[in-house]
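What follows is a set of structures to go through.
After this come two complexes, each holding chain A, first together with chain B and then together with chain C.
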Partner chain A sequence: MAIDLGAVEAQLSTAFPGAVVEREGDWLVLDRDRLPSIATYLRDEMGFDFLTHVSASDYADHLDVVYNVYSTRPELQGPGLSFKVRVPDRVDARVPTVTTIWKSANFQEREVWDMFGIHFDGHPDLRRILLWEGFEGHPLRKDWHEPYYEEDNKPFGSRWPYPENPRPRSAEQRVHWRANVQYPQGFDPEDWDLGADYPPLFAPKVEINGIDTEPVYLNVGPHHPSTHGVFRMVVGLQGETVTNLTPVVGHLHRNHEKIGERNLWNGNIPYTDRLDYISPMYNEFAYVVAVERMLGKEVPERAEYLRVIMGELARVVNHLLTIGFQFNELGAMMTPMIYAFTEREHVLDLFEEASGARMMHNYYRIGGVYGDVSDEWLARCRKVVSRLDRKIDEFETLLTDNEIFISRSRGVGAMSWQEMVNYGVTGPVLRSAGLSYDIRRVEPYSIYESFDFEVPTYETGDVYDRYRQRIAEARQSIKILKQALNRIPATGAIMDGKNAWNVKVPDGELYSRVEHPKGELGFYLVSDGGTNPYRYHVRSECLINLAALEAMSVGHLLADAIVILGSIDITLGEVDR
Partner chain B sequence: MFGFGLIKGLSVTMRHFIESFVYDRKPWEWFTVDRYDNKWLERHQAVDGKGIFTIQYPEQKRKVPERFRFLPMLVYEETPEEPRCTACGICARVCPPQCIYIERATDDRGRPKAQPSGFWIDAVICMSCGYCAEYCPFDAIKMNQEHETPTTDRDRDMFLDMDHLLVPIQYYAKLHPSDYEAEEAARRAKEEAKRRAAEKRAEKD
Partner chain C sequence: MSDEITVPDELKGNVFITKLSELYGWGRKYSLWPMFFGLACCAIEFMAAAAARFDTGRWGMDLARASPRQADLIVISGTVTKKMVPKIVTLYNQMAEPKYVISMGACATGGGPFKEGYNVVSGIDQFLPVDVYVPGCPPTPEGLIAGYMAVHEKIQNERINDVPWYEKDPIPKAPVPLLGGPDLIDPRHMDEIRARVRAPQSAAVGGEPEKEDA
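Entry: the complex of A and B
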């Protein structure tokens, strides 16, 4: 199923003669200079109100900025429109911003600026996002090379047969670490100007209710027990009330995407485990689905069932853990979290037995899964599923009616779904505000179409509803798991064809998305027909959900801002990549 | 009633508290049963286990499943001088972080031999993905399960050479019995087929 591209093209060309410069496969190339007005038209007249993905790609003679828009109108949900604009000038690359039309472009355009050096005219806050302000160059450009650079693509020629006679030495011995650090020209840490405008610690005094007060800027993090990992928030406070909040991310950045472009296609699977390390199974799922779509590969039935079973177990675990962490932040120190971890152990035992590792599973393969499971495994899995079912009830008894929790969470962080859509928020947070939008339903992948499950929704999108949403979704996952465990074929192949180590993917580009426990996890892949991706981009739901954090937190107490952060459910491994 | 939800929730924690005594820390067993007994571990980490879930590492250790993998190892059959590895290089090429280095042996006349003269794995960079073992066509590299490898000398102990890596086939058979059985069965079937084919050819001649 795909969108009727011809009709869209015709409509756009009538409204804006010459707007569609070219058609490239499933992508429309739009006129760069008129982008804002075309984008407004797309949003208001054609119903594409949901911009989920913005990124770019570097080709030798030009740069492309790519956009994927979807619609939340019930009749238009499903496949969306993919379009791009072409930037011919690599030195002074400029594109008009669409942040004013879709706020979700904010962080993603900053990321494109950071990684590709494409300037977005009119962007309200165009700073680097993942790297520090003094960084030299834009790393995802093809002519940028990292420290320890060896070759553009793996496998590196020097590994086999090892060319020199002396024993190879560890990377640190071969290159002393100082030898490969690049500083900006004339860099002197003593008098270096950051070039970014950080707010002053104290603002001028103001008088409120006859009292002189000073607004204070407070750094929460990057090393702070109440932020999930290495995450920093610059919070402007008036008394204890948040007046503005800037998330500062990138402390865990490791240029996952550049590594991904060096890797072989299947070499990326273990790397995706390191994105959202709370539910690695689903990251792999998203990646292999994307590659299989490029290959047009079918997956054997038993493998599909195993994939769904692993994926949904990961979802239940993710939701229970999130609830546990959230209560940690509310001050219910440890009890719900340890209960959640206990349940996670049982699931990890299952994962370990099937894949060989508790967290970095590397279980999915392009065209199948790594290993078959035994009947004992399935029997144990059934037991774990019914245990999880009971434990979700127990969580509800423990937490749902708790008056302290209700008074701390009702109305906190509430936001309407229309606004969330504009911010690009996806996943349980969006559904808890009342929009029934689940990619397993609107754009089914794998065998989700054959399962009977509902997409629960709640009304207000506050912290309490997000909690209830996660409980309800975990229940639906249990429902899917029960059906899958009943229907899984007793035998059968688990791999389509041979498990080849050097898969070749035909020419093309695509954006593919799945419903990750945290939201829409997408992969934007470009292949030049070789054994390595030409471009590999992760649309991180964690990062993009963070864009709405400020709007959700302003007006609430600082202590509530922490709870709101927890309820968005981020994993820094994926935010920073 | 206000406060009822709270009390309801506390009943759950109370139940867990009591269960931890009734189910695994039985007071009447405090002096008779060794608290590091592995039976205790198996009982309360079972799927229907209740009570305390944590274990007393390092006195108690979880049994790892057969597929568990940590670092690669090289398998030899008879002597360490003759490893199964043919230095074909597939593992070094598939390895995602490229931490395998292989040097091919040469015979007296300088021609390359199907054997490595050097094989190194940078264990610090290895991400334990298991691809090398999965794609090796000769079943020569397998995943070890020895995971307690702390050291103070990265270059001496974490840059593994052949001396570190080579293990006898019996060791592998013990770690991965069902994989080993399957491989042996496949090998036997192959040899059988070869023998049959040879016999047939002999008959024809």
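Entry: the complex of A and C
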């Protein structure tokens, strides 16, 4: 099923003559200058209220900014519209912002500015997001090279030592500073303000109810036990109430995309493990599905079942861990977390046997999976699944009716689903607010269509509902797992063709998304027909869900803001990539 | 003075004779409090090591402290980025002596799979004195525990009369790198950077290769 692009094009062209500049495969190239009005029309008249993905791509003579919009209307859910605008001028690249239409563009446009140097006119807060102010250049442009740059494509010559290169030199040996740094011509450290970017502790006095008070800025993180890693937020406080909150990300920016554009298509699979390192299996799933869509590859049935089994096990573990962490933040220090980690160990043992690695599995392959499993493994997996089923009950007995939990979480961080959609929030957080939107249902991939499961929803989207949502989804995963374990074909290939070292992907570009435990994980891939991606972008649900953090937290106590952050469920590896 | 000490018969089994240094090391090694600090994927295995199955509490390490002032051990558990490294070094400097550093995983040790990245520091040992390196990506909890054991061994072998934190002179702080310009600046390179930009035909760029045998 695909969207009727011709109809969309016709409708747009009637409303805005000349708006569709060109049609490029499955993408419409829209008129850059009229983008805001076209976008408003798309949202209000055509029902595309859900902008999930914005990024860019650098071609030698121009830059493209790409957008993917979807609809949440029940009759239009499903495949969305992909469009782009063209930026011919590389030096003074400008595009009007769509933040005013879809708030989800906010962080993503900042990222495009940071990585590509495309200026979004009218953006409320266009600062670098992953790197720091003062950084030289925009790293994802193709003509930008880092200090350790060797070649455009892997495998690098230096990694094949013989015969031309008998003594390969390490990256450090090639760089003057013996470190991964470079300074531009004429850089004088004294001209720079090398200080920290902290806001002043106190803001100017304000009068509230006739009393002079001073709002305080509190810096939480990047080293903080409750920020799930190296996330930092600057919280403005009035007394203990949050008045504003600025997320500061990028402390774990590992240049996933720049490295990904050098790697072979296969070579990216282990890197995707390191995105959301709580559920590596599902990241791989998302990536191989995207590449297979480009290749038009079929996957053997047994492999599909194995994929779903691994993926859903990962989802259960993810949800249990999230709940465990969540209770850490609520003050139930350690106990629920240790319970969750215990369950994780059982699943990891299964993963380790199947893939050879405990945590970074590298199990999925383009066209299949890496290794088959034995009948004994399947029997053990059945046992683990019924154990998980029991354990979810146990979690519920311990936590669901806990009075302290209810009073700390009811009404905290609530947000309507309409607003969440505008912020681009996806996954359990969105569903807990009442919108039944699960990519496994609306745009099925793999063999999810053949399973009987429901998409649970709750009403308010507060922290309590998000907790119940995760429990309910874990139960549905168990349901899928039970069916998959019953129906998996006893034998069969696990790989389409033989496991090639290298794949060539035909020319083209696509945005492909799956329902990751945390939300919509998407990959935007561009191929020039070679052995490595020309453009490789990860649409990170964690980063985009964070965009709603401020709106969810304002008006609540600082201690609740921490809980709200936990309930959004982020992994910094994926936020920062 | 003879080293021989005789224990009266009635006290045998109740009195143990040891050297002060050994007692000192023995006491310290079983109360090593790690910092509640995680950087990336390795941090998850760091937590798994503390959870029920591997239970580092068996060696008195179950109390992870969020404040560097109360921690004895910092496990650099993940990729060290340029944006984060000033904070890591500051945290290290805030820890009280004696303190130990474990570099956990390929990233903390040398940049790991992300070494070529523009925001990645190739190894925390450029800035901090590392006591134990634990290989792996990520190291298994067993591997991390082996690293802990190595730190224990090191502590056990330290002698009270020559440990640096009882010396008169203060122990120098680790250099805190500066961030805010175009790239990370190691304060130890400050003079050289300045000299290179002032020199005619300045070549303060990073990409310039070293001589083959440098």
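Note that the second predicted complex is superposed on the first by the 539 of 577 C-alpha atoms of A that agree within 3 Å, B and C clash if a C-alpha of one lies under 4 Å from a C-alpha of the other, contacts with A are read in each partner's own complex, and residues count from 1 in each chain.
In the analysis below, a residue touches a chain if its C-beta (ideal position, glycine included) is under 8 Å from a C-beta of that chain, and two chains touch if they have at least 3 such contacts.
Quantities reported herein were computed from a predicted structural model and do not represent experimental measurements.
*Asks:* Regarding the shared-chain residue A:R380, is it in contact with chain B (first), chain C (second), both, or neither?
*Replies:* First partner only.
*Asks:* Let me test your reading of the model: by the given contact rule, A:E394 touches which partner, first (chain B), second (chain C), both or neither?
*Replies:* So A:E394 only meets chain B here.
*Asks:* What is the contact status of A:H145 with respect to chain B (first) and chain C (second): first, second, both, or neither?
*Replies:* Touch partner of A:H145: chain C, not chain B.
*Asks:* Identify the partner contact of A:T335: answer first if only chain B is touched, second if only chain C is, both if each is, neither if none is.
*Replies:* It touches chain B, and chain C stays clear.
*Asks:* Of the two partners chain B and chain C, which one touches more residues belonging to chain A?
*Replies:* Of the two chains, more chain A residues are contacted by C.
*Asks:* Contact-wise, after the overlay, does A:E136 reach chain B, chain C, both or neither (first, second, both, neither)?
*Replies:* In the superposition, A:E136 contacts chain C only.
*Asks:* Does chain B (first) or chain C (second) touch A:A171, or do both, or does neither?
*Replies:* Touch status of A:A171: both partners.
*Asks:* For A:E345, select first, second, both or neither according to whether it touches chain B, chain C, the two together, or no partner.
*Replies:* Both partners.
*Asks:* By the touch definition at the top of the document, which applies to A:H251: first (chain B), second (chain C), both, or neither?
*Replies:* Only chain C; A:H251 stays clear of chain B.
*Asks:* Would you check which partner chain A:G186 touches, where first means chain B only, second means chain C only, and both and neither mean what they say?
*Replies:* In the superposed model, A:G186 contacts chain C only, not chain B.
*Asks:* Is there a shared patch on chain A that both chain B and chain C touch, and which residues make it up?
*Replies:* In chain A, residues 150, 167, 169, 171-173, 270-271, 342, 345, 360 are touched by chain B and also by chain C.
*Asks:* Residues of chain A touching chain C in their complex?
*Replies:* For chain A paired with chain C, touching residues are 130-136, 139, 145-150, 167, 169, 171-190, 192-195, 197, 222-225, 229-230, 250-256, 258-259, 262, 270-271, 274, 277-278, 337-338, 341-342, 344-345, 358-360, 572-573.
*Asks:* Looking at the complex, which residues from chain B come into contact with chain A?
*Replies:* Answer in residue numbers: 2-6, 8-9, 11-13, 16, 45, 47-48, 53, 64-69, 87, 89-90, 92-96, 98, 100-104, 112, 118, 120, 122, 124-125, 127-131, 134-135, 143, 154-155, 158-159, 161.
*Asks:* Under the touch definition given earlier, write down the residues of chain A that touch chain B in their complex.
*Replies:* Result: residues 150, 154-156, 158-162, 165, 167-173, 263-264, 266-268, 270-271, 335, 339, 342, 345-346, 349, 352-357, 360, 362, 370-371, 380, 383-384, 387, 394, 397-404, 406, 499, 501-502 of chain A touch chain B.
*Asks:* Give every residue of chain C touching chain A within the complex, in rising order.
*Replies:* Contact set of chain C toward chain A: 36-41, 43-45, 47-48, 51-53, 66, 78-79, 81-84, 87, 91, 111, 113-122, 126, 137-138, 140, 178-186, 189-190, 193-194, 197-198, 202-210, 212, 214.
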